[in-house]
Every structure is written in C-alpha cells, then in structure tokens.
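The following block contains the structure, expressed as structure tokens.
Going in written order, the chains are labelled A, B, C and D, and every chain counts its residues from 1.
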C-alpha cells in the first residue's frame, strides 16, 4: 500500500515537471516569431521588403525544427522515465535554460546572415542544448536508475548512442561556422533528415516491444 | 494486460502532444496583442490616436478567431484520435509552425492596411495553415489509421470534406488579395459565420452518435 | 456503459478547454511586465528613473489583480460545469479575446497617467471582459444547462447575481473615467476588496453544501 | 461517498491552480531571453558585440535559476498540500505577481551593470518573492491546515525553517547592493550552491519517510 502511494506521488511529480517543460518548449517555439519585425516601409515597397526577410523565415523554420526535435527526445525519454529525483530536476532545468535561450541566437542568425560570429553563436548554443539533453538521458538511464523496469536494454543502448550524435554534429559545426557560415547552415538543414531517417530505420526493427518509442 | 499498458502509454503520449499544442495555440493567441503598440503621443491627442488604431484591432480580432478555429478543429480531431505515431507528431509540428507564424502576417496586416502584399502574405499564411490542418486529418483518418474504432464513418467523411473548405477558401483569396485587398478582408470575415453555420447544420443531424463532436 | 463513455469524453473535452484557457490567462498575466521598459539612462540617474515608473507598477498590479479575478470566476464556474457544447466554447473564446487584449489598455494606462482616453479605454475593456464573463455564466447555468445536477440553486442564483456586479461597476466607471480619471482609478482599486468581502460573507453562510465553491 | 467527491473536487481545483502557476513560471522563465536584444552592428563587429553582452547572459542565467528555485519550492509544497481555500489561492497569486515581475529587474540588472539602483531593485524584488513564498508555506502548514494528514512533523518544521533563509538572505543583500553592487552579485551566485547543499544534507537524513520530498 505505501508502495502504490509512492508511485502515485512520483507520477504527479513527473506530471508537473512535464507541464513546466512543455510550457517552456511551447513558449520558446512561439517566441521565435517575435524576431521577425514588421518592415517599416511604404505599402508600395512592402512586397519586396517582405521577400527580403527570407533569412529570418529560414532562421525561424530551422530553430522551430531544432526545438521540436529536442521536445521529441524529451517526450521519448519520459516514456521510459517513471521516477524523478533532485538531480533529474536540475538536469531538466539545465536543458530548459538552453531551450529558452535559443530564440536569441536565432534572432542573431536571422539579422546577421553570413556572419561567422552569428553562426558560431548558433552552433554553440545548439551544441550546449544537445549536450545537456544527452547528459539527461545518460543520467536517467545510468546512475539515476529512473527508467521503468521493463525498458528494453537494446532500446536504451540505442537511445544513448543516438543521443551523442547531436552534440558531436554541432560541436563539429562550430569551427565550420567560424570559417564558412553558409556551409554550416547546409549542415544543420541536412542533419535533420539524416537523423530522422536513421531513427525510422532503427525502430523499424523492433516495433512490438512494450514500452517502445514509436513516435519521434 | 500488455494491451492495456500500451493503451495507457498511448494516452500519456497524446496527452503531451496536446499539452504542447495547447501551449502553442494559447501563446499565439496572446502574442497577437503585442502587435498593437502604445501610441507615442500627448495625453490630449491620445483619444484620436487610439481610434486610429482600428485596423490593428480588426487584425487582432480576425487572427484571434482564425487561430481559435484551428484550435477547435484540432480539439475536434483529438476526440477521435486515440493513437499517435511519428508521422502524426511531425504533422502536428507542421501545423504548429504555421500557427506560431500567424502573429507576423497579422502584424503586417494591421500596420499596412490596404496593401496587396500584406493581404497576400496573410492569405498565404492562413492557406498553408489550413492545408496542414487538413493533411493532418486526412492522414489520421486514412493511412495513419489512428482513430477510435467506433468513430462513425459518415462523421469522418463529413470532417474530411469540411477540412478542404478552409484551404480552398484561402487559396482562392490569394489572387483576390493581390488585386483587391479590401474584398479579401470581407471574404475572410464572412467566411467564419458561413463555415460555422454549415457546421451546426451538419451536427444537428446526428446528435446522439457516441463519440460525436458537438462542440466546435 | 455508453453513458459513461460520453461522460469521459465530456471530461476530456472540458480538460482541453481549461488547458487552453489557463494558458491564455497565464500568458496575459505574464505579458503585463513587458509594458515596463528598462529606462534608457545613466547609472547615476537610474534610481530616480525607476521610481518615476510608479504609474506603470500600479497599472501592472491592477491588471494582474483584474485578470486574476477573472481566472477565479472561471475556475469557480468550472467546479459546476460538467458538460460543454459549441456555444460554451465560443463564449469561452469571447472571454479569452478580451482577456488577451487587457495587456494593451494596461500599457496605455501606464504610459498615459491622468489621460481620460486611457482611462476610458481601460474601463471599456474591463467592462466588455466582465460582461462576457457574466454572459458565460448565465448561459451555462441557464439555457445551456451544463451544470452538475447537484449544484445548489441558491448558490447558482447568488453566482448569477454577483456576476452582474462587475459589468455594472465598470460600465459606470466609463463616464467617470472620461471626466475624472483619478477618481476612476480609485474606484477600480477599491472595488476589489469590496467584492472580495461580499464574496467571503456569502460563502460563510453555506459552507457545507456539496459542490460549494470555497476558494475564490 | 460525499467525502470522496469532495476530495476529487479538491484535486481538480488544485490541478487548475498548478496549471496556471506552471504556465506563469514557464513564461517568466522564457521571457527572460527577450531582455537580450540583437546587437545593431555590422557583421564584422558582431563577435565583439556578442561578447560584450556578458552581463546580460549572467543576468539571464541568474534569474533563470532564481525562478527555477521558486518553482522547486512550489512543487515541493504541493506534494504536501491536498486542499485549497480562498486564502491559499490569493497567496498563490501574490507569489505569481512577483514571479511575473522578475523579468523586469533582470532586464534592468543586465542593462545597468554596476548600478546600485539596479542591484537594490533586484534584491528587493527577489526578497518580496521569497517572503511571499515563505508566507505561503507557513499559511498552508499552519492556520490553513491544508497539508496531507500523514505529512511528517519534522519535515514540515524543516521546510518552514528553510523557507525563512531566502527572505533573510535577500533582505540582507539590499543594503549590500546599495553600497557594493558587485559584492551583492557574488552573494546571490554563491547563495544557491549553499542552499542546495544544506537541502541535500537535510534529506539525506530521512530518505524513507512517506510523502518525503526528495526532488528539489
């Protein structure tokens, strides 16, 4: 009986962590649009001015996808995580502090197309976010021991392996950004379909496992 | 027993998709007001300055209703959707990227009354949003096969048919906006009551069906 | 059995209405702070500049309390509302469109102290909000018939009576605001404790009734 | 039977209080980034301009941690609180009005490094927030009598004792801020690890108690 009560308390506690996290993710996604200001121009010149904003539209779409990906990973982790502790909550805030920061490098990127400094800032910010996301997963599935008991070992190993790809990719893109910003943009845009495909390929192998993670 | 556990996992998973989506909808609705800046004028001239903002008040109300409608459709779909998968989650993000974008064309519309470019941008943005909303429904009720088994076929057919009306209306309003912005405004404002009435009429026919969707 | 399923569907449906509404309330509350800009001054003159912002601090606190009150009434209504329908959802959006609008008159009020136009705008905006909140309650407890069956009649009558006080008070404050803005400010500030006290007094009478609403 | 219904109603009611609070916390956390504006400079000078923003990055991180801490305390309290009443709801709004205010002193602090006025404003704002957080806990665990019956007395005593440390620390830092802003910054940054350590130390003593609060 005390067991069950503990479980319920853990469930409620995780519920609030998710509510706060979903709030921060949703707001970070939605604040991105504030980086695109209405052109202060005449009605006649408005069409061209709106088209000239294309680097900002791209920056908006890129960061929306980046934050969406981080949400997907977070969502996927919490299909397995069934307990929380102090360290997990702080690792969650570490992730959220970087998620909530992303609108700023996005705005800089949209306003300073072709700037090495803007590209380095962006690569560094996403790198730190993905590193904290990976640390989160490694802790929860390792020392923290917070996953559901029936989580498949192969699945956990695969998630841990995949979680390293983001930090590695964005760490490598930092020097690229410093010398060839446009190449870095291409890397970021291409990285998503690649990661997506590898993911689909992985889960195609083990679709029936209980607690499996078919969504992201 | 494993069956039920899967169901519960699916329910929790959909719960987070809804939490994130409701967050983005709520923030997009609320950010619209940031497009209306306080007039920088003397107290004596403030009254007239506030009245002169009427195009922005209209743009605010129009976009609030537009986003509210998309939320209603989303809400209505999730009375029938009981499972999720990777494609659904990405289609959801596709919808949200357009929802979160809408405050920008709204601000442009409020600041550039009578501009063809502003009206075209607005029509295009709402068109893309409604197209992604329709794609969402068609996927979930078709190839995705994610609806509850007892969902009525007639109801699904009607929802799919109706979901096409938004994209068609706003696609048609793009050329109108290019040549006669004020006519386009009128079309958008009139479109809502019409769609609303047809909706009420439809559900008046089958009020007792379980899983029916009486609310939007 | 089909009965219960309907009830659950209704519960989920209301759950999403509340999630969206709570999101809009929370964001409207939090956006109020964006109306207070950092003074662009030297460090030496900063202290005085921060003190000179007092009308904005007051406007922030006033609107925070006003929105908090509307949330309390909403919260209180949904202790009794157990079903939703299309009209209720649209009345909810009518309320939310005014709630999400309130940061704008608040900003105008904070920037234009002593202006009759700013005070009239504020009184009108709160008046429309409270009128839509009252319409909401009257519909749900009247024609809509959406309350739980065991809701006490005396309680409903009292809620309906009280819900009229807000619209009346703010409607009356519109002409006051037009001629004596400072008197209007005083009325708004004093109105809250008075309404609060009458509320406490009312519920002190019938504390044990099931479905009673002890919190706001 | 009426007992259980009351309990359920109480649970739903607390659920909405938490939803609104989590929304305000999440938005306050995420709005902090709006205080960092994109430097209006050439691409060549952007790198240096971004580095020169370091006081704003620090202010962002500091306030993120401060708000995160207040959320943790709130979260921890609601593991024990199982009933609500009117006073609790208003104390919750009192806390939220200060939480939602924090982005402003953060922006002032980031824009006016080394200013005594900015540091005093910040210390005062956090002091008021922590005082209202402490009042909240004292009320819920004292006169309000809103905690779960099995909450450990030693645990409550410890929480109440700890809740005083924040107000005392920030009240003491007000005069420090007035005369030596940089010393105040150091105090705030160091205060967190210290409070954290004392917390961990405390809960290491009684890990098995039901209803214990292992997370913050």
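Please note the rule applied: a residue touches a chain if its C-beta (ideal position, glycine included) is under 8 Å from a C-beta of that chain, and two chains touch if they have at least 3 such contacts.
If you're wondering where the values come from, they're calculated on a predicted model, not measured in any experiment.
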{"item": "Interface residue overlap between copies chain A and chain B, same or different (over half shared)", "value": "different"}
{"item": "Chain separated most widely from chain B, comparing mean CA positions", "value": "D"}
{"item": "Turn needed to bring chain C onto chain D - CA fit, degrees, nearest 5", "value": "90"}
{"item": "Mean-CA-position distance for chain B and chain A (Å)", "value": "25"}
{"item": "Chain centre separation in whole Å, for chain D relative to chain B (CA means)", "value": "36"}
{"item": "Residues within chain B bordering two or more other chains", "value": "19, 22-23, 26-27, 31, 34"}
{"item": "Residue ranges of chain D touching chain C (in the complex, touch as defined)", "value": "2, 5-6, 9, 12-13, 16, 19-20, 22-24, 26-28, 31, 34-35, 84-86, 88-89, 93, 96-97, 100-101, 103-104, 107-108, 111-112, 114-118, 120-121"}
{"item": "Contact footprint of chain A on chain D as seen in their complex", "value": "18-19, 22-23, 25-27, 29-34, 36, 38-39, 43, 46-47, 50, 60-61, 64-65, 68, 71-72, 75, 78-79, 199-200, 210-211, 214-216"}
